[in-house]
Amino acid sequence: MSCWLQDKTWEDAAKAIEASGGVAIIPVGSVEQHGYHLPLGTDSYVAITLAEDAAEQTGAVVTPPVWFGWSPHHMVRPGTITIRPEVLADLTYDIIKSVAAHGLKKIILINGHRIVNIIWMQICAERAQRELGVTVKIYDPAYMSKDIVGKLGFGPVGHAEEVESSHMLCRYPELCHLERAKDNPIKETPLFSVDPCFTHDTLCYVPSTLEHARKNAEIAGGTAGEPTKSDPEKGRIYHEHLVKNLVAVIRMLQEAG
Amino acid sequence: MSCWLQDKTWEDAAKAIEASGGVAIIPVGSVEQHGYHLPLGTDSYVAITLAEDAAEQTGAVVTPPVWFGWSPHHMVRPGTITIRPEVLADLTYDIIKSVAAHGLKKIILINGHRIVNIIWMQICAERAQRELGVTVKIYDPAYMSKDIVGKLGFGPVGHAEEVESSHMLCRYPELCHLERAKDNPIKETPLFSVDPCFTHDTLCYVPSTLEHARKNAEIAGGTAGEPTKSDPEKGRIYHEHLVKNLVAVIRMLQEAG
Amino acid sequence: MSCWLQDKTWEDAAKAIEASGGVAIIPVGSVEQHGYHLPLGTDSYVAITLAEDAAEQTGAVVTPPVWFGWSPHHMVRPGTITIRPEVLADLTYDIIKSVAAHGLKKIILINGHRIVNIIWMQICAERAQRELGVTVKIYDPAYMSKDIVGKLGFGPVGHAEEVESSHMLCRYPELCHLERAKDNPIKETPLFSVDPCFTHDTLCYVPSTLEHARKNAEIAGGTAGEPTKSDPEKGRIYHEHLVKNLVAVIRMLQEAG
Amino acid sequence: MSCWLQDKTWEDAAKAIEASGGVAIIPVGSVEQHGYHLPLGTDSYVAITLAEDAAEQTGAVVTPPVWFGWSPHHMVRPGTITIRPEVLADLTYDIIKSVAAHGLKKIILINGHRIVNIIWMQICAERAQRELGVTVKIYDPAYMSKDIVGKLGFGPVGHAEEVESSHMLCRYPELCHLERAKDNPIKETPLFSVDPCFTHDTLCYVPSTLEHARKNAEIAGGTAGEPTKSDPEKGRIYHEHLVKNLVAVIRMLQEAG
Amino acid sequence: MSCWLQDKTWEDAAKAIEASGGVAIIPVGSVEQHGYHLPLGTDSYVAITLAEDAAEQTGAVVTPPVWFGWSPHHMVRPGTITIRPEVLADLTYDIIKSVAAHGLKKIILINGHRIVNIIWMQICAERAQRELGVTVKIYDPAYMSKDIVGKLGFGPVGHAEEVESSHMLCRYPELCHLERAKDNPIKETPLFSVDPCFTHDTLCYVPSTLEHARKNAEIAGGTAGEPTKSDPEKGRIYHEHLVKNLVAVIRMLQEAG
Amino acid sequence: MSCWLQDKTWEDAAKAIEASGGVAIIPVGSVEQHGYHLPLGTDSYVAITLAEDAAEQTGAVVTPPVWFGWSPHHMVRPGTITIRPEVLADLTYDIIKSVAAHGLKKIILINGHRIVNIIWMQICAERAQRELGVTVKIYDPAYMSKDIVGKLGFGPVGHAEEVESSHMLCRYPELCHLERAKDNPIKETPLFSVDPCFTHDTLCYVPSTLEHARKNAEIAGGTAGEPTKSDPEKGRIYHEHLVKNLVAVIRMLQEAG
C-alpha cells in the first residue's frame, strides 16, 4: 500500500499514524536547472525515492512532497523556480504543525537540494522544536554519504555531477539524458569548498550571485562536476547506503519513545 | 511527452515555454479529510488531472503541484494539513515570479480545493498582476461547472459529495472507497449557502470554526452531501466539461498576444 | 440616541453593550471613484446607512466606520485611496479583538465596497473566529439583494451603476449628481462575470489591472452599468430589503445565546 | 462646500486638489474612554473639527478620518478600541501614498489623541518622506497650545481634563455630560511628566501598563485632571489658537512651492 | 569588578543579578556623523559612560551596548550606519525578554542618540511591558538635563553641539578633535523646535529628509550648534547631573519591590 | 590608530574607507553561557580580537561589534541573551546596506559563535549579495582552523572546550577562570556530529532543544569538551593561524578590484 498520506482516507491515515511510531517524513527538493542531462525536478525526485524506500521498511508516514526549493542562483537557466527561504520555512513549519496535531511528532526533513535548503530548514526545525515540542531531523544525502562517496570514486559535490547523475540513472532512468551531459571538472578555490567531505580550512557557504552562476552556466549548461563518469550501478550502491542510513534514523526516532 | 516542468531538462523546458504561448498552469489542492471514502489528496488530484488533460491539448506548461491548501476547519480529522493563507499566497507568488522570469506571463491557478483557497489566490493574483505585469486567472471547478451540475442531477456543493466523488471515481478509481461512503444531505440554512449556483440572498463565506466542523464531522465522517449517488459516468461528463472550459481559457490567453 | 460607539461615554457604552445581545456592526467602505455622478465615499455611506437603520431596530452597537478599502484598480481616477488588504485585515482584526474584550463577540462586517473587500474580510474573519472565539458574519449588499435586483429591473452589478445610484439617490441625494451620469452598458465576457446572480460557468474574480481599469475609466468616467436608469423609489425598496435582511442576521445572532 | 474628500465626485476632487496647493489633512483620533463625561470618540472629534475649520480657510483637502488610535492602556474601560501601532502606521502610510499619487504631496497628520499616536506617526512620517518624496507634518494640539494653556489657567495635560473638556464643550456640547465629570487632580511624579510644557528633568513617555491604568481608572472613571473647571469660552479661545496655528502650517506648506 | 554582563561567567552573572535588585541597563547609541570633531560612536559612548558610572553605585547589571541606532538622515556623511526602527525595536525586545527570563525585570534603556531612538524605544517598551510583565524606563540625556543646561549656559539641542561636545571632552577626550570643530548656530524655525526645553508651540519631531540633512551637513560638516563653546568642566557637571538622575531612577526601581 | 569605525570622525572614516580597498569587517558573537570558566561574551571577544589583528595588517574597516547572537538553547543558564535569527539577519543586513552606501562593498562577517549564527548569516549574506550588489564572506573560526586543530591535539568542537578556552587564555586571560573549569568529554552520537572536521555520515545541525541543553548544562555547567587541557601557547598558534587566514581572505577581496 502507498506510503503517501495524500492517498489515504482519514481513517486509513489514522491507522498509518498509529503504526508509524510517530514518525513523518517530509520530502523537499527543488525545481532548478540540472545541466543538459537531468530534469529540473532532480532534487525532488531524490527526496521522493529515499522517502518511499525507507517508509516501506519502517512504516513512517510520508507527506506530499514540497517540490520547490531556494534556488536564486539557478534562475539563470529556464524552468528554475525559486522560493524565498522564509516562505519555505513557514510552509514547512505549518506542515509540521499540522501533522504534529495528529500525533506525528518526530519529523524527518529529507533535503534533495543539498546545502541551500539546509539553511532555511535549520530555521524551521529550531522553531518547530521550540514551539511545538516536536523532534526534527534534517537528512541530506550529501552529508549522509560521506562514508561512501570516496569509495565509489566520486569526485567532490558540485551540481548535476556524477553523484546525482548516477543516483538518477539508477532510480529514474527515463528522466535522464546522459548522452547530452557535458563535464565541467571542479577546480580548487583557495579557502573555500562546498563539499561536506572537504577537510581543509574553508569559508562558509553563501549561495552564488547571479553573475557568478551565469558564468558557470555558460561552461557546461550549469553542470559542475563530471557527469559523464556516471554509473547506475554505483547509483544503486549509493542509494542503498542512503536508504540504510535513513532507516537507521527512523528506527532511532521510533525507539526514542 | 510529460507536460510537467519538473520532468524536463532546462533545454526541453525552454522549448516547451516557447511552444506554450506563454501559458503556465499551477495546480493547487489540499490535503484534508474527504469523508470515509475519498483520499486526503482529493483536491490536489482534481487540479492535477485537469491540468494534465488541458495541457495535452494546448501545450501549456504545468508546474509541480502545490499539494497543500488552507484547511483550518478540517483539522478535526487525522491527516489534514493546513497552511496559513498568507504563506500560500507568498509561495504561489514566488512560483509565478519565477516562471514569469522565464517568459510564462499568463498564469492559470487551478484550485481543486474550492472556495477556501480562492481567497488567498485572489490576494496573490492581484499582487502578481500589479507587481509582475502578468495575467492571472483563477480556475475553480465549482464555478466552472455551474452550467452542468444541475443537468447531471447533482445536489449543491458540500464536501466529498456526489460531485467530487463522481469525478474521483472516473479519474482515480483506485484511490476511492465508495463502499465506505456515508451520506449527510445538505440542509438549507437561512441567508447562507456556499454553493456557487445558489440564487438567493446570502452572507459571504467564512471558513467554519473548529467547533462547527467537529460537529459536522461526527455525522458522516466529514462528508456534506450524498456521495452514495456518485456515478463515474457522470464524473466523466463533468470532467470533460471542465477540461473543455480550461482549454477555452488557455486558448483565450494564448491568442491574447 | 445615537447608535455610534464613538458618541457614547464609556458608561453609556457599557449599557449599550449590555442591551445589544453581544452584537457589533463594523461598517466598511472605500474611498474610490464612482463615475461622474457619485461621491468617492459611496461605498462607505452605503455601509453606514445600513448599519444605522438596522441598529436602530435591534440595539446592535455600531463602531466608527472604516472609511478606507482595497481599491488598487480605481487609482486611475483622482481622490481614490487604496489600502493593502493585509493592513485592512489587521486593522479590522484589532477592532474585533477590542470590542470582543468588552463583550461584543458577535460581529457583522458590512461591506459597502462589494467583492474586493470581501477577500481580506474572509482572511480577517477566519483568524478572528479561530483566535478570539468570536462569530463573524460578512454582509455584502450585492450578495444580500440577489432575491430582489431582478424584480426591480436592475442590470448586473458593475460600478456606480443603477443599483448603487438608486440607493444613494434614496439615502444621500445631496451627494449625488445624476445629471452628470454617463452610461456604459455591461457587455458579456466569455467565462467571466462579477455578478453574484450570474448562473453560468465563470472564472473567479481578480481585481483588474491598472491598464484595464484605465481603459474602462475612459469610456464613462469609471462607470460600468447604466446609472441614468436610477430611481430613488427603487433605491428605497432595495434599501428596505437590505435592512430587513441585516435585521434578520442580527436577530439570529442575538438569539444564538 | 464640504472639505471632505469622501463627499466629492472624482471630478470635484480633481478641482479641489488643484486648488489646495497640494496640501492634504488626515485627521486621526482614537476611540477610548474619556472619563464619565466625554464620549469615546473625543480625540477623533478634536482632529475633525480642527481639520474642518482650517480647511475652510485654506482650501486644504481633508481625507476621511482615521477614527482609531493606539490605546492599549485604556482597554480597562468598555468601548475602548486599540489598534497595534504598526498597523496604524501602515494604514496611514497607504493613505498618504494614495493621495500623493493624485498630487497631494504635503501632508498634515492631525493627532487628536496626544502623545501615544505621535509615536507611530513618526515612524509613518519618516518612511513616507523617504520613500514617497512627500513632506509630512505631525500636528498635535498639546504641543501646539503650549503658548496658551498657561494663560488660560489650565493645569497640566492629563486625560479628559479641563483642556479637552473645554474644547469639547465649545465644539460638541451635545456629546458632553459635564454634570457627570469627576476630578482627579494630577500629582507630581519624581522625574516624570507627560506634559509638553514641563520644564524639568523627565524620563520619556511609555504607555502605561494595564495594571497602572486600571488603578487610575478606579479613582475618577479614567479622568486625570480637573474637568469640573472646564469652560466653553476658554475652549473657544483654545480652539481658535489651534486653528490659527494649523492655518499657519498649511500656508507655509502651500507657499513652499 | 566590571559591571558588564559579557565579562562575567554565568555563575558570576547569577550573583550579580541577585545583587542588582532586578535592574538591568541596556545602553543604546548610534554610529552617525558628529561633525568634524566628534567620533561616529559619540551617542553610544554617552550611553556607555552613564551606564558604567551608575551601575558602579547601584549594582545594576549592564548588558553589552547596542552600538547602532536609527539615523536615516545622517547617511549623508560617510561612516553613518542606520538600522530600521522596527529591527531595533525587535532586537531590544529580545534582549529584554532574555534578561527578564533570568530575573532582570526592571529595565532602563539609556538612549545616547536623543529623539530619533526614543520613537522605536517607546514601541519596544510598551510591547515588553504588556507581553513580558516587565517595567521599562527610557532614559534620555536631553530630557534628563532640562534642569541644568540653561544654568550651564548651553544653547538648544542640535547635533554635535556644545552639550554633547563638552560631555565627550570630559569623558573621552582622546576621541575628540575640538580644534576641527565648526559652529553652525541654531536658527529659530516658526512653529518647530527639537529642543526638550522649548516652551512654545511646536510641530512634533519627524526625522529630516536626506535633502534637508544634506544641506545642513554642507554648512558645518553636520554640526548644528556651537561646539567651539565646549568646556570639559561643564561636561563634568553635566555628566554628574545625569549620573545622579540615573542613580535615582535605579534606586526607585530597586525599591519598588 | 584604532581600526574601529565608531572611534573615527566622519572625515577620518572617509579616509579609512578610501584606504581599505572597500573591505569592511563586522564582528559578531553572542552573550551565552560558556561553562564555569569563560565569560558570557566569549564568542564576541573571539570575533573582536580576530577583527582587530587582521585589520591592523590590512587596513580593513571594522564596524562596532554585534554583541548578540542566536542562543535559544543556552537560555538554561543565567546571563544568556538570545535574539531571533530573523532579527539578527535584518540587523546585519542594515549594517551592510549602510556601509555599502559609503563604498564598503566587500563584507566579511566574522562569527565567533560557531554553527548557530552561520544559519542566519547565510540568509543575510545571500540577500545582501542579491539586493545590494555586495560580496559577503562568512568567516567562522571552527571552519577556518580545520587544518590545525588536529595538529594541536585539540578534541572535537563542543562548547567552552579546549579550543575556545586556549584561545581566550591567550587573548583575554583576565576574563578566564580556568581553575573553575570542569570537563565533559564529548561522546560519539550515531550519525551525528557538529564538528566541521567530522568525516563520516551525519545528520545536519539543528540547535538543541531546551530540554536537551538543560541536561547537558547539569553535567559540567554547560561545558562540552575538555577545557582543563587548555593551553595559552596552543591558543596563540591557533589565533595566528586564524589571523593569517583572515588576512588572506581580506587580501583576496582587496585584489578582486
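For reference, chains read A, B, C, D, E and F in written order, and residue numbers begin at 1 within each chain.
We adopt the following convention: a residue touches a chain if its C-beta (ideal position, glycine included) is under 8 Å from a C-beta of that chain, and two chains touch if they have at least 3 such contacts.
None of these values were measured; they are calculated from a predicted model.
Superposition of chain C on chain D using C-alpha atoms only gives a rotation of 180 degrees, nearest 5.
For the pair chain A and chain F, the distance between mean C-alpha positions equals 29 Å.
Chain B and chain E, compared by their mean Cα positions, are separated by 57 Å. If you average the CA atoms of chain A and of chain E, the two centres end up 49 Å from each other.
Taken residue by residue, chain A touches two or more other chains at no position, since every residue touches fewer.
Taken as a contact graph, with one node per protein chain and an edge wherever two chains touch, the assembly forms a single closed ring in which every chain touches exactly two others. Residues 72, 85-86, 111, 118-123, 125-126, 129-130, 135-140, 143-147, 190-191, 197, 199-207, 209-210, 245, 248-249, 252 of chain B touch chain C in their complex.
Interface of chain B with chain A (complex): residues 4-11, 13-14, 17, 31, 33-41, 44-45, 63-65, 67-68, 75, 77-84, 87-88, 90-91, 94-95, 98-99, 101-103, 175, 177, 180, 221-222.
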